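Labels for the chains are A, B and C, by order of writing; each one numbers its residues from 1.
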């Protein structure tokens, strides 16, 4: 550890000042806009206005719901997938992990675009349904919550899987056999051994997925269209269509609060379970 | 500059932030001496060494080397070499380039450079490893590269941080010999830091025992081993029976006890287990533990002094656990401690 | 085969199909001979792949994205390497604040960053679109640069710098002579991660893009809204193979995943 403070500051300040100037200060001003009263002083009337609008309520709840749903579903699938991958031979494990990570390298535009081909009126799903005689007319899957859900799940599932893979790999190797020998069934093994031991990975993965869903723009924009909005797309509309910067500021603040709250909440959940278990 | 103070530390005070690590330290080292800074971790020995190298700014006091004040001279202009405990070889450079690193910075080029580097590698027996990367060498070889890298710079003082601690027993002996040879051949002043008293005793001309950021005792290995001046040093070099003296009597956990012989004037007395007379004497103890150590046998006695450790030659008949034994702490054999802590 | 031994391959198949399948469909669709985007592709042709290279706006926006990804990442590294060095090697006053500030752009949704920049930097200071995008992409990549470079600095013992100084090097010289060569892999990895992040980034660029100046993904979205032909699929496939190729090469030669 070098002691020279002047040197340290000279090295660190350019980056810190740059980030503060082009990022921190503008964002703080933007957020403060939502609390500024048009007649001077501070007010939360923009927030009460925002939440009294039913469209906004719907969008807010939809964002919350889709975020939570994608997080939960990705956790369920993620455990199964991570468990399957961890139990593979080392070589196959590396290749499978690679395949899971691969989509992260592909542009979200391309990844989302694919769902148009699959879920569209003449897409594969509708072709299959019609061929099987399940429906007469093509179903409208695109531009719905379902489409956004599928798109977000595909976008963020890899983050959950890799978080859980590393959590499962860091688990003591003999924990599962030990629990089995002590008479636990598979459900008990998961609930009493695997879940507590991989909780940290689950929390990291969950936070990444949930905040990812909140901040995703492309997926709701392409798969939700202009009708099925999420907070991000609503924000864009407020600015580009309505020129309503106060409303945009309110949405921005809500998004930031939601992602911070998710962070804190998930951490709390993890530690609360910890405390419960450590009590005699 | 007198010959006795080639390197001198005057009232040296060193701190990390507001935490003082070394306070008012005075030390004079002769040219060509091999000095050990000995002490437990946190005693300030490494801090002192880093200040000599110029890696740690001096809070107050002075560092003088070869007649010049080095206190404010930056580390890269001091002509002080340091062999790091981790060796700190440059992983991206070959052995040859590691050794050439400092010479090149001095502006040395061509045949002169090559000759110096080759000579440096040869002196540590690594000529055939010139093109290897550090990662391809054993720990002992890496250390010799680090030694050569410092020595080709012809430093006025060579510092070594725990030079033997990362080596296994066989290499340790080899490296000891190596360091003594290098020191003898080049006459460089060497200071090494260690927490291992055996290492210090075996290698150093003089040992500086440090404790809590200050010097506890300076002396030859014989001085330190036989005549520790304080209870701390006595304990550090293997005196296991240490008691303060009060009016000619030993203060023990069992109260004041009169010695068998004439009590010397000192703050305390210390006996190695070997110095305890077993079988005869005015005191009684019960054998509570015993262990066999090859050529000797150790006993742990419950006595009116508290616990006493005694050691006798292994050839003598063994005493069983619970046996009552006579023993003596002969005053004439004891180390006289002037400081008790 | 019992139910449990079937579980692993079945799960893997379904998950990988879900994750990779859509991408394969896009690749297949880009070789279609038909006029509209469809799967299964109607016939086989390279016409859409060829068309990608003739669309002028794609050329311009590709050049812009490339410039932003390379320039923005390079600028982020120029700022980020010294900051990482200070964080990893020095007792820096307010280190936690610095760390939070430089990594904040990763936490806040990109669309907000873009809007804030537009409203309070671009408009009041009359900043040009290209410069605004450049600054935004630099800020966006900075957290990744600091994280990856810090990780590789933390893996490098700091006493080699002290060794270099004791052998006569200045502190700055020690940085270039013994630190840089040993964190080159980390810097390259940061560059690749930054490049991919910047290149694929949409929300930050959304508000900052102006008439005629767009990043490629923003341009692709705009194109899709007007024309529904397979050329966007073709372009997506090409880009995907490009980034997969880069990452694969990086993993092969640098051990990319060690740093990320």
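The rule is short, and it goes like this: a residue touches a chain if its C-beta (ideal position, glycine included) is under 8 Å from a C-beta of that chain, and two chains touch if they have at least 3 such contacts.
A quick note: this is a predicted structure, and the numbers were derived from the prediction, not measured.
Enquirer: Quick check: more C-beta contact pairs at B-C or at A-C?
Expert: More contacting C-beta pairs are found at A-C.
Enquirer: Based on mean C-alpha positions, which chain is nearest the centroid of every protein C-alpha shown?
Expert: C
Enquirer: Centre to centre, using CA atoms, which chain is the farthest one from subunit A?
Expert: Using the mean of the C-alpha atoms as each chain's centre, the farthest one from subunit A is B.
Enquirer: Measure off the straight-line distance from the CA centroid of subunit A to the CA centroid of subunit B, and report it in whole Å.
Expert: Roughly 58 Å separates the two chain centres.
Enquirer: Report the inter-centroid distance (CA atoms only) between subunit B and subunit C in whole Å.
Expert: Those two chain centres are 54 Å apart.
Enquirer: With centres defined as the mean C-alpha position, give me the subunit A-subunit C separation in Å.
Expert: 19
Enquirer: Give the residues of subunit B touching no fewer than two other chains, as numbers and ranges.
Expert: Within subunit B, the residues that touch at least two other chains are 17.
Enquirer: Where in subunit C do residues touch two or more of the other chains?
Expert: Touching at least two other chains: 91.
Enquirer: Residues of subunit A that touch two or more other chains: which are they?
Expert: Each of 3 in subunit A touches at least two other chains.
Enquirer: Give the list of subunit C residues in touch with subunit A in this complex.
Expert: These residues of subunit C touch subunit A: 7-9, 11-12, 15-16, 18-20, 22-23, 25-26, 29, 37-39, 79-80, 82-83, 85-87, 89-93, 95, 97-98, 101-102, 104-105, 107-113, 115-117, 119-121, 135-136, 138-139, 142, 146, 158, 171, 196, 199-200, 202-203, 206-207, 217, 220-221, 224, 232-233, 236-237, 239-240, 243-244, 247.
Enquirer: Taking the touch rule as given, give the residues of subunit A at its contact with subunit C in the complex, in rising order.
Expert: Per the stated touch rule, the residues are 1-5, 7-9, 11-12, 14-16, 18-20, 22-27, 29-30, 77, 80-81, 83-85, 87-88, 96, 99-100, 102-103, 105-111, 113-118, 122-124, 154, 157-158, 161, 211, 214-215, 217-218, 221-222, 232, 235-236, 239-240, 245, 248, 252, 255-256, 259.
Enquirer: Which stretch or stretches of subunit C touch subunit B in the complex?
Expert: 91, 157, 159-160, 162-170, 173, 177-178, 181-182
Enquirer: Would you tell me which residues of subunit B are touching subunit C in their complex?
Expert: Subunit B residues touching subunit C: 17, 53-55, 74-78, 80-82, 84, 86, 88-92, 101-102, 105-106, 146, 149-150, 153.
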